[in-house]
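Each chain carries a letter (A, B, C and D) given by its place in the written order, and its residues are counted from 1.
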């Protein structure tokens, strides 16, 4: 039995952080670099233990800050390695400049971001504001709902990032506390099955790497139209991410029997009159409330946003087209628009879906619990708006 | 029996979070869907800590804190003075308490029975350190009847090995054997 | 919406900014910057090579038994003249050579 | 790229390859930095990957679109990420069994100021790489602002001389000594007037980088920033050594030694009088600068004489 399979190929009760560590380990990264931060620390401790136990065979760089973590993985990626890092909140914003670098270099780095409120009003608490703040760095961003999805998405992220047609860094977001420390039964696949799932990457052309002695320069100045061309290429690659996320998820389903819907997952939306859009751990709670409302006869559905960057415009438009009212639940805020950021983006596709009442709900800041009661209130409000009642566009809960 | 929700109260360093996680592993051995998570800001020794565990035959979707627990586990007897300790306890609720003495009065109208054991004393005997959590899980198995002692021992194997596992098995067994159950109507 | 139309790429074959010096080596004709040029007096020069050693663009070249500046790249800084232990190099105004045919 | 056969100065013996840079590149006429990079390329050889950052060297080290000015491997990154990016490269090369000299090449502003944390971190982790800092005592590329390497009394665009000011009021960080305190295998100072000494140090650094972190601090004048004539940069380097303003030393596995002893050091005025940035220096401030030089030299001497 391989060293990896002593701890994998089984179902175990593990936390979201551990699930991410297992996911990363199973993908055999060459270089891992990370700096501890609550609520991510358990993840990198788990990886360090895997490394110490000979289960994770990699260069594990215990850096002196997140900015360095990002630069280490970017450098190692450009040299040709598979790389992984993880951070949260303050750490994420501390690597802001380096994140632009990684994305611009088209380095297929995979990074976990355990969502936590950013600095300013100090709070060692869950919240998605951190991921919103790096929206335009050019990274792909995905959001997980359960511990199992964290593990599965980590594996899918390597498949996505390193795809020759993509070559982009990927962030996997999951809620601090509510998912990072949540222990659930998680199926940990056999490493050989993960190898097989990722083997398609080996059949693709090799991306350029910085090989010593070959007169190659990485990161040359983009001059004039050269700069413009690379920007367009970056954007085009982002466009290609959307359909390929669906394909990768389907391939994953075939290999491991678990499917997540690709860019978005729709839950009971088909015949729904009203829809709630949300992401992360709140989705799970929302599912139970939707089920209860359905029992009461209310035609309500749910859209789980899995892909945040690029924004799944077409899939989301399809899911929301023809609905009578739409609510969006955000765990963060959007300055300038005075609403939730996912709401703002959803509103931007209203020309695709028709002008119906759209409502923004802000809940779950700083570890505040997004309770069933809150979601029930949201759905009732959306329902009333769909019936022609006047409504308030933005609601803060609690 | 369908789903149950348990809230754990302890102080940083006493293993409340570990107890909650371990219970999830135990119930996974019993074939249940499980979910467990703690709620704290900083990890500090002595600071009151809350953790939650859910188990159910059905898949557990919700990711909320637990507001109406079926059972409370109180790892530190001094936490009994906490005003909010019994908040939300369901009628017919159960308390698992680490304490050297029985309760003099029924602390909450909704409390039906309390499994009480001096788990600190047991842990000091068996492990040599004040780690009462495995003893209390053993006591919980007996008091609630929701799961077997055998599953407790198997669940602990996810977290402990070698002599620490052996000592904790003994700790849990004594919890199971020695817990005293107080009942109210 | 949101799908970037395809455009012919014209500069890079790669997705990111990679440079390839073997096929695309840049070079400036820095000789054009010069206002003075080093002239070696072979009567004095003992070919010690110090001028070459310190020349920032490393453009003192072998000229038989002696060294001379490669005027294509020599920026005319005068370091060679200043460092020459024999004082064999003098900086002469380019104006004196204005009638020379440029190469 | 030129070759020469006859009467080769001794320094030629250290050259591993020909000059990897194009004949004409965009450095100022007389720039010591140009000599510096060309010299490094010759001594370090073709297997070198230079890691650089926005600075005076960037327009030459960085390519422009698909074209480049030199044939060394090159990785451009942010000023905050030089030693960390190089860590990533070096670690992957080690893992993949690829032979490479990973050489960070930055100015003092990056090494001592904005990139200091990551440099210190890489040194503490004893990453197998070489870091060369070319010290031109300030931010020359952005218009001659002060850095933590700018010496006491120097006039820069952010420590200008005015009715209330006589240039920089604090001294410079003793960067090579700080690096030597990281318990790394190799630290050295070098300058461009003493090229054989520099070449020996580059060779040693290359060797010691197989064990861990090697740091070389190179005194590298800027004609424009220091206000000196374009033929004078080598003379300035020499004056810095002769006055003990910039002593040449190395520390191999923590053992300090002078690599070029100056028997009768000249007063620091011999250096400052050559530099426009010190033109305003009055006797009082000159004495302060001299005392800083003396103090720093004494400390270094003590380290050199320290018993093993």
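In this text, a contact is a pair of C-beta atoms (placed from the backbone, for glycine too) under 8 Å apart; a residue touches a chain by one contact, two chains touch by 3 or more.
Keep in mind that what you see is a predicted model, and the values were worked out from it rather than measured.
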**Q.** Chain whose average C-alpha position is farthest from chain C's own
**A.** B
Q.
Per the definition at the top, count C-beta pairs in contact and tell me whether A-C or A-D has more.
A. A-D
Q. Where the centres are mean C-alpha positions, what is the separation of chain A from chain C, in Å?
A. 52
Q: Provide the C-alpha centroid distance between chain B and chain D, rounded to the nearest whole angstrom.
A: 63
Q. Per the centroid of Cα atoms for each chain, what is the distance between chain A and chain D, given in Å?
A. 43
Q. Per the centroid of Cα atoms for each chain, what is the distance between chain A and chain B, given in Å?
A. 34
Q. Which residues does chain B have that touch at least 2 chains other than itself?
A. none
**Q.** Residues of chain D engaged with two or more neighbouring chains
**A.** 62-68, 71, 74
Q.
Residues of chain A that contact two or more other chains, please.
A. 214-222, 226
**Q.** Chain pairs in mutual contact under the definition given at the outset
**A.** A-B, A-C, A-D, C-D
Q.
Using the touch definition from the top, list the residues of chain A that touch chain D in their complex.
A. 30-31, 33, 58-59, 61-65, 67-81, 83, 97-98, 101, 210-223, 226
Q.
Under the definition above, what is the set of chain A residues touching chain B in their complex?
A. 11-13, 15, 38, 124-125, 175, 177-179, 181-185, 281-282, 284-285, 287-288, 367, 369-372
**Q.** In the complex, chain D residues that touch chain C
**A.** 2-9, 11-12, 19, 22-27, 29-32, 34-35, 38, 62-71, 74, 192, 195, 230-235
Q | In the complex, chain C residues that touch chain A | A | 1-4, 6-7, 9-12, 14-22
Q: Going by the contact rule at the top, pick out the chain A residues touching chain C in the complex.
A: 104-106, 167, 207-208, 214-222, 225-226, 229-230, 232-237, 239, 242, 310-311, 313-314, 352
